[in-house]
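The following block contains the structure, expressed as structure tokens.
The chains carry the letters A, B, C and D, assigned in the order they are written, with residues numbered from 1 in each.
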Amino acid sequence: MIIVLKPDATKEDADEILSQIAEAGLKPLYMPGVERTVLGAIGDERVLGGLHLEGHPLVERVAPILTPYKLVNREAHPDDAVIEIDGVPVGGKRFTVIAGPCAVESHEQMRASAQIAKDHGAHALRGGAFKPRTSPYSFQGLGLEGLKILHDVSETVGLPAVTEVVEVADVADVERYTAAFQVGARNMQNYRLLKRLGQSQKPVILKRGMATTAEDLLLAAEYIVSEGNRGVILCERGIRTFETATRNTLDLNAVPYLKQHSYLPVIVDPSHGTGVREYVTPMACAAAACGADGILVEVHHDPKTALSDGQQSLDAGDFAQLMGRLRPFVAAAGRDL
Amino acid sequence: MIIVLKPDATKEDADEILSQIAEAGLKPLYMPGVERTVLGAIGDERVLGGLHLEGHPLVERVAPILTPYKLVNREAHPDDAVIEIDGVPVGGKRFTVIAGPCAVESHEQMRASAQIAKDHGAHALRGGAFKPRTSPYSFQGLGLEGLKILHDVSETVGLPAVTEVVEVADVADVERYTAAFQVGARNMQNYRLLKRLGQSQKPVILKRGMATTAEDLLLAAEYIVSEGNRGVILCERGIRTFETATRNTLDLNAVPYLKQHSYLPVIVDPSHGTGVREYVTPMACAAAACGADGILVEVHHDPKTALSDGQQSLDAGDFAQLMGRLRPFVAAAGRDL
Amino acid sequence: MIIVLKPDATKEDADEILSQIAEAGLKPLYMPGVERTVLGAIGDERVLGGLHLEGHPLVERVAPILTPYKLVNREAHPDDAVIEIDGVPVGGKRFTVIAGPCAVESHEQMRASAQIAKDHGAHALRGGAFKPRTSPYSFQGLGLEGLKILHDVSETVGLPAVTEVVEVADVADVERYTAAFQVGARNMQNYRLLKRLGQSQKPVILKRGMATTAEDLLLAAEYIVSEGNRGVILCERGIRTFETATRNTLDLNAVPYLKQHSYLPVIVDPSHGTGVREYVTPMACAAAACGADGILVEVHHDPKTALSDGQQSLDAGDFAQLMGRLRPFVAAAGRDL
Amino acid sequence: MIIVLKPDATKEDADEILSQIAEAGLKPLYMPGVERTVLGAIGDERVLGGLHLEGHPLVERVAPILTPYKLVNREAHPDDAVIEIDGVPVGGKRFTVIAGPCAVESHEQMRASAQIAKDHGAHALRGGAFKPRTSPYSFQGLGLEGLKILHDVSETVGLPAVTEVVEVADVADVERYTAAFQVGARNMQNYRLLKRLGQSQKPVILKRGMATTAEDLLLAAEYIVSEGNRGVILCERGIRTFETATRNTLDLNAVPYLKQHSYLPVIVDPSHGTGVREYVTPMACAAAACGADGILVEVHHDPKTALSDGQQSLDAGDFAQLMGRLRPFVAAAGRDL
């Protein structure tokens, strides 16, 4: 860790901090400069967190050398992880497609949409029972009933189901009825929920928050893994920027970044990442090309009647086209669809 | 509501949508244009939400005319609300100062910091027992024990206490030990939590999320109010932008915007809004100048040892100076400190 | 165009605006609603620009129906344009690779870097003679001398050259020595420069500004085309967001957006779009997958000694690898490299 | 300067860089750590720019210790500068109000608007002759004729005039007809223009670019000052963020930041910073409260007919109200209006 002192810090101030560093078991370094004095701390600087040097009135800036996350760090695990969702691998050679409607609306709607997913080669099924919506006047999801419908359809169609969990109190229900948890963008920093999921055995698809960096996403994953659950799948789904032509700005740069810094699988959600039906297929192909391990995509048997996200949902024809166009790009990436 | 059709929509497509509008009880309007056909729906367009026209394959764009929130709308309540936190008014003639440490760390620390707040004229006390932290290796707060310390100190010092609640399961405890809830930026869209708080009688300080618009904040307030709790205090605390010189970009534009669109009181958090001790006082003065009803500010008896946010915390001298500098600006705004 | 009036606008206010619309030759529409009155103007609303209705004190909001650009609009030209840079097509079946160093540093450096580009299959050469740099203490480019070096090397190696122009006064020189202009992100809204380039016959690669939307980019293109030069190549190169892991956030969503709204070719700059050498190849492949017509990529014979952008420059080995990895993705897109 | 090496860098790699640092005349430091080796360079690190260490394949990150600007740095000039616009001071005890229409539209309009500015106490006059507009179909300004009108009205009314310059070729004309240059947000990084203005004797109001940090603004100022013109007035006018409720997000945090890091005067443009007439006055007051030295504000005798920015322009009544409300806040700041 590098600690830059303010211009008015004296040698005594520096010495005080240096002795704190030494007491914490790190090697202190003193680097007086022309305009600023710089201090260094060599060793596992994460133990310095307890010193809170950034709050010291004579400290101008603290620059960490190491990443703030450890367990999800690529350096600790050079090999890519493969996480299984009820037998369906995410990561490795397979490019995994998780498809289904934004929300579970009824048994019929879920059944019809799931069949489209299955028929055209999806590997797993998505569908929301608990829907976090910006407006209290929007459809909020069917709740437990939705979970049961999802479970039934999942068994009937033969695709493992994934659903969003928004609250600690719902974890047990979601765990019972589905094969994997999904943490939505709005809950990526709901740390109580992350810790609770860390105590489950089922995999967690962790979506990046709208105002969070790729490093924040890795720190959120660290919360889950540090509680014991290593089955985390990272998901890039777009960030919020000044661009209004699309619902979000899909940050595909994050894919190679996350692959370089972590061993966890990375999938992409081109539906929320664009918010525009016509852009879903091109961005799914781009995800495959830049190294993603799969996609999470919204498919609805009748988008015109969808209770949420209809404008970004694919119907049967659209999804068939997506899978057809995606295939050669997945092959070009040396993977199987 | 205005519905712009895609160029390839036919008269039949338009008629289908127009009849849906009529069935929903609104007056339909047909406006064929040179390049696009535009449809209108006159009446309370919020009932059209159920039609999900934005998902229709032939609809290019849907432009609402009315705000999506109703209960917190200025048009419905021309007079400013005054919300009381255990007898301390927020809104109206008073400019309310809520001060205290980021986190409750110990009885001694809380007592010393609260005394500073009290001595220099703060009206209420803040202190976090449940701390949402980006890293799992950072101090996470004392939990229930922290609530009890806060309660004790609040009574001893004679300032009502405000604390963050991060989880539905903690609502009852927070309600028991403190005078008001605070919802942090990371939970502004934790709708389950908002609904639960809407069933409480105690006021809620609702902080704006890092990637949320001022309108999103009003929609979050609508969640609370629609459940029956009208005691919502809005709080601008900065948004996330490309600027890295400060922790967040304090969006003071939001103050006149929120005042224009809603009757709820608006306070500003210059501590999180800047993240830099030296900028807290100027931005507190700016908040008073642009019409805010108060501030939420971090004060710690010894920022050098603070377990979180030390770099933005004020010590006794800093806080005394803030109150001294703030006074003439509050007076210039025609208010009392 | 849709004009939403403020709640306090009277029937007389509405009538005044409606008659202005009629005088401008458009069909006026009056839509009184429950809470707001909405007016419509049917016809080519671009003529209404002269009315400046958005400035009217009783107008709450003006919502255009049509795009603000006309000449570069896909609706006017259903077929994709192919723009030739001295015989090298951009757009159509070819996926065009324009490679070379950030800056022309010397004849030797330019020659060596150009040879790498040529040897591994690039179709055109880039190299900056005028370098806009954030700091006045950074290398500012060789100017006219750099243009001459670029010209010589271009002829020797047999690749047409592209270079950035930053100032109207330099247009003639750049036109003389190179095959195409490049307008950098910082000049995308330098309208005087755009107009001057619109009077040239040579193609213009127009890079998106760091804080500009994809629609702003089309409006900038409209400036050039409206002066008579139809040879505009759009270039997505990343926007500025809160994410600091990469130099910019490459907004690949813009590729399908621009393709849908315009007929102009679209290329991608994965070097500036990421700022990280290791991410250039994955993002180049992603660009090919989402429909881009080519890439603009920084190649330097010795990045360690590069006078600018060394951290994102590819050396011979890196560039060979990029071309190798790119090939199957270009083929998957049904194109030729 | 701190140089963090990649994990695979060897002792030899480190030694090579250390000897480069020594050759550049700085003191090299070697700090081997557990996971990374860190190198230091003590002395005026700006000379290291020529080494381009950030481009070295084995360098992970370079962290400068000193600011990249020197001449505009507060550390070099502890006292605040006062810049005079034809006798009107900006900085120091005066809070300076520069008012006038967005664009010079005609002699009558300019005269009427200027009289309003003068009557209600503005100290200088603004008015644009060269208008950079997003759309080629918008009013582009009267050019040289506009300059002459501005000059005439300035003399008649008795207020020095300020106008935007967008192009090196116009500098002489603007210098002849007005008292100060204004560089607009879109040209803040037009370095050729900045250098040319650095050779003038007249003051320059430098507006912050929409996607630029406060540090970028200081670097742009450094361009002007390093050419010899010390008369730079910094202007915060809002940045582009995801918030669409206002035209820009006025970043008032930048005011104390710029004041802390530089000695140059700082003014605020609440008209562009909000884009909404009703928010101009509150944000002008906030600017005074957080330490700004003045405001730049759009005033038009008849905003309804304004050819640009009508929605954010104040009429006579609005401007009188602004000045009235501003007065006590300026006094609270210990200044004179």
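Criterion: a contact is a pair of C-beta atoms (placed from the backbone, for glycine too) under 8 Å apart; a residue touches a chain by one contact, two chains touch by 3 or more.
Since this is a predicted model, take the numbers as computed values, not measurements.
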Across the interface between the identical copies chain B and chain C, with over half of residue numbers shared counting as same and under half as different, the residues used are same
Per mean C-alpha coordinates, the chain lying farthest from chain D is A
Separation of the C-alpha centres, chain A versus chain B, in whole Å, is 26
For the pair chain B and chain C, the C-alpha centroid-to-centroid distance in angstrom is 38
Distance between the CA centroids of chain B and chain D (whole Å) is 31
Check: chain C positions touching at least 2 other chains come out as 211, 239-242, 244
Per the touch rule, the chain C residues reaching chain A in their complex are 211, 213-215, 239, 241-246, 249-257, 260, 273-274, 276, 278-279, 282-283, 285-291, 328-329, 331-333
Given the complex, residues on chain C that touch chain B span 2, 4, 7, 29, 31-36, 38, 40, 42-44, 63, 65-66, 75, 240-242, 244
So, in the complex, the side of chain A touching chain B is made of residues 46, 49, 52, 54-57, 59, 68-69, 130, 132-138, 140, 166-169, 186-187, 189-192, 209-211, 216, 219, 222-223, 226, 239-240, 277, 303-311, 313
